[in-house]
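Going in written order, the chains are labelled A, B, C and D, and every chain counts its residues from 1.
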Amino acid sequence: MANFGGHAIPGSFFLFYGFWLTVKHILHHYWRTNQPKGRQVKPPFLKKMEYFEGGLQIFASFVGMMVEQFVVDGPHAHLYDASTQSWVKLMNWQHCTMYLFFGISGIALVISTSSKLVPVGVDRLALSLALFVEGFLFYYHVHSRPPLDAHIHSLLLVAVFGGSASTMLEVFMRDNIILELLGACLFILQGSWFYQIGFVLYPLRGPQWDLEQHANIMFVTMCFCWHLAVALLLVASTSCVVWFTVNRFGKKGRDIEIGMRKTLSESNSQKALLEESEEE
Amino acid sequence: MANFGGHAIPGSFFLFYGFWLTVKHILHHYWRTNQPKGRQVKPPFLKKMEYFEGGLQIFASFVGMMVEQFVVDGPHAHLYDASTQSWVKLMNWQHCTMYLFFGISGIALVISTSSKLVPVGVDRLALSLALFVEGFLFYYHVHSRPPLDAHIHSLLLVAVFGGSASTMLEVFMRDNIILELLGACLFILQGSWFYQIGFVLYPLRGPQWDLEQHANIMFVTMCFCWHLAVALLLVASTSCVVWFTVNRFGKKGRDIEIGMRKTLSESNSQKALLEESEEE
Amino acid sequence: MANFGGHAIPGSFFLFYGFWLTVKHILHHYWRTNQPKGRQVKPPFLKKMEYFEGGLQIFASFVGMMVEQFVVDGPHAHLYDASTQSWVKLMNWQHCTMYLFFGISGIALVISTSSKLVPVGVDRLALSLALFVEGFLFYYHVHSRPPLDAHIHSLLLVAVFGGSASTMLEVFMRDNIILELLGACLFILQGSWFYQIGFVLYPLRGPQWDLEQHANIMFVTMCFCWHLAVALLLVASTSCVVWFTVNRFGKKGRDIEIGMRKTLSESNSQKALLEESEEE
Amino acid sequence: MANFGGHAIPGSFFLFYGFWLTVKHILHHYWRTNQPKGRQVKPPFLKKMEYFEGGLQIFASFVGMMVEQFVVDGPHAHLYDASTQSWVKLMNWQHCTMYLFFGISGIALVISTSSKLVPVGVDRLALSLALFVEGFLFYYHVHSRPPLDAHIHSLLLVAVFGGSASTMLEVFMRDNIILELLGACLFILQGSWFYQIGFVLYPLRGPQWDLEQHANIMFVTMCFCWHLAVALLLVASTSCVVWFTVNRFGKKGRDIEIGMRKTLSESNSQKALLEESEEE
């Protein structure tokens, strides 16, 4: 999807996902710090958030794959054209592959939230692999393009592989809030950099960028650092807002939560309580 | 062994080994989660599996080395031909070197299973080194080949070095089921990718692949990700099947195990029990 | 700032910062080893040192950014010159970006010292990112220069990325004195190497260096190792001096500290004591 | 020292050091496993071994530096020749720099053995840095040589940087016997590879090797793996011999040790006992 929209759509998703992760992890951190020690059960509202997150990942990946396949100039599920002896629309197939792994990550999240048999950390492993595959395909994607185009995509790889490494670390170091927020920050960075790629390669107005000029490459490198600074700022301020909002409505919050539990059907609520008491 | 069979044989071995590791680790994990805490003795059936695994590794490596040396066009244990002042069949010698290290890994597994004096983790270190040596030799193997040939072999290195790194981590993080299954998954990936290399470079039917065409390289890169997805699926489904099978026959299983112990000669069985009681 | 002064100023800052970190970490280590176990409160004098450190970082970064922007031949806050269709003084903007991240690191240090809500290790993460950004920008900075110039700057990257990695490790391994002193040592190395770059590229007296000669590159590589040896010696001797000074005035030291607490206004002192007793 | 002897001397040292480390670590491991839990004092004989090791490192490094400087065609402590405007014998100076860091490592070992104030792990950090500097200088050393020469030296780097990484890990993971033996194994590999380099580049008898031939490079790569296999075998067999020897003379050994303590002067022995009782 070599146009501005083709970069804005994934960019928006990654931006949204980064903010979502920030909010989720801060809520989880708030819960952890306010629980008595030794009682580290995952709260019900977090489970609901993870079901929603996983479901959305699966849904968005499915839609993404369908769109890539069945747009007007898409491959329509044909991989090899025997008549011309050539592959059909490999770019669309590559994007489908990326979506596939994010879909797998969503499935892993839903299953690991719903079942206690799944070992803790499988969801992070799947997310890390999804980012690895994204970076892996982009790495060979970039080959033989004009310098600025290649450079701006290879900067994206810093965010993608950084995110993959930090998410992989989360498999082994659970509940480390710094690592979790770093991962969220790298998602926001990735999202905003997708927009930047769109603005540079397919400018909405104004002249085209000179893809060969060295000064442009220098500017873009520096601009990546500014995006990182903004991403750090966004994560920090979002975290503060969420923390103090939750803290202010602390007592109310607990009431609401109790209310939420009550609105659940009686059997569900009892099951949840039973599960909690078992885990204690 | 530059033909389809030469890639299918190691591929089959790695596929089988990946499934074997999956089953073994899931059985061990099931045993761990069903034991009372603090009683982390390795069960007798696992010891038997490890003896079998080590023995098979030693046997297969030995056969592999013999075949590489004494096939019709092999080096027949000659390394340097003084008459022509050249090395004899270096490719076969390289394959022998790879088999040698898998043999060493098998020996390390047998010894570390049989003796308590061997520090825990030596078997994983030896396996990690075997994979490292395989990747190391492949890395210089690939030099000065046509682009597609070089690329498809360098993708193999991702699975090989990934497996080496994850197995090395297991030395320090014992009994982490995610790490163990990731290692198994990378073995399956390696095995299926050996088949893919065979299909691409020595197609059984149909036309030859164009080894210079960029689109082929793009397709092969993407195909590697599909293999990874399939490997993940295979590990996940095998794990589920094994877990639920063991769980269903849980009580029976314990009976069978007791039965298996009884079928052992009286002295052996007593020795095993003594060992267990010592370890407790 | 392509002159000797432009390398001496950051060099002096990094040298000073390296020594500062050495002294701070040794004082903290002395405090830790002389506390009864389980009482690992950060002492008040350390908090003051961290406020000073953070404040200085913020101040120096701000001054640095202002100077880079508003020197006579600076960009004066103009980024793009529409008339000539070119970027304005990108080098100055790059230096500003580096200063910006050290400023962010200072802010993170002040906030994490003042508030208990900020997760432990955020200051180290910010410092690690500041070093990463510095190295990242230098990496692309070096492109297409004469060999010796490129080489001497790429050696700097060893110190910068080494420092970034060791500081990142500190996020996860708190209070490891070896890691802390290694980080300090790499700052001193970086500082002294900035001076070396200044001496080589802009010699104050004597002839210019031949930037193409291979022997010069060999010498500079070796010289980097000598700087490392000197940095190790400086950290070791500073640590010894600080440790034995503090130890000799041990009892006096405790009195002084008590005195320092008393000189604080009554309310502050009581608050601090209350905080300590809460944490115990 | 571009001749066979110049590679055999460091090779012999590294081989000896690898065996020494194997013996030392196995003795330490034997002591650890035979002590009651919670009593992890370093035994007196190990302290003596470490004093000897450190002293030898310092002595050998000093001798090495003197020889490199004052051999007939050495630089005689002159670094820059103003008359010809060129550096004097940079190769000798580089070797001196390597020796210097091994000397620093020896000093760190002696000091950290003698004083309890030095944080645990400083000796390993210094050894890791010594290996890093060796590899760092070799890396730029190799530049612009014939292919086989460059390749055989770059294979050495695998052993050197591998040893540096594994020794660095030991700083953080103390008393891990696998890591310690891996480090020893990499020293043996390095030593035997120095000999191999000598045999290939300066053959004692027979024809010169063709430094451009690809088959030679392939053979050398494979040969490196054989050296690794032999190094593993040597470490394993040395460990077995040491372990069973110590075990057989177990009771006698304890008597000998008590005897050794008694032969120490009364005051020393009492001091040692006092130290032990303090640590318990």
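In this section, contacts are C-beta pairs under 8 Å (C-beta built on N, C-alpha and C of every residue); 3 or more make two chains touch, one makes a residue touch a chain.
Every value quoted in this text rests on a predicted model; they were computed, and no experiment measured them.
Note down the smallest number of touching-chain steps it takes to go from chain B to chain C.
2
Over half shared or under half: which fits the residue numbers at the contact of copies chain A and chain B, same or different?
Mostly different residues: under half of the interface numbers shared.
Work out the mean Cα position per chain and let me know which chain is farthest from chain B.
C
Superposing the C-alpha atoms of chain A on chain C takes a rotation of how many degrees, nearest 5?
90
From the C-alpha centre of chain B to that of chain D, how far is it in Å?
Chain centroid spacing, chain B to chain D, equals 33 Å.
What is the complete set of touching chain pairs?
So, checking each combination of chains, I get A-B, A-C, B-D, C-D as the touching pairs.
Within the complex, which stretch of chain C touches chain A?
86-87, 90, 93-94, 97, 100-101, 104, 117, 119, 121-122, 125-126, 129, 133, 136-137, 140, 143-144, 171-172
Please output the residues of chain B touching chain A within their complex, sorted ascending.
So the residues of chain B in touch with chain A come to 29, 158, 173, 176-178, 182, 207, 214-219, 221-222, 225-226, 228-229, 232, 243.
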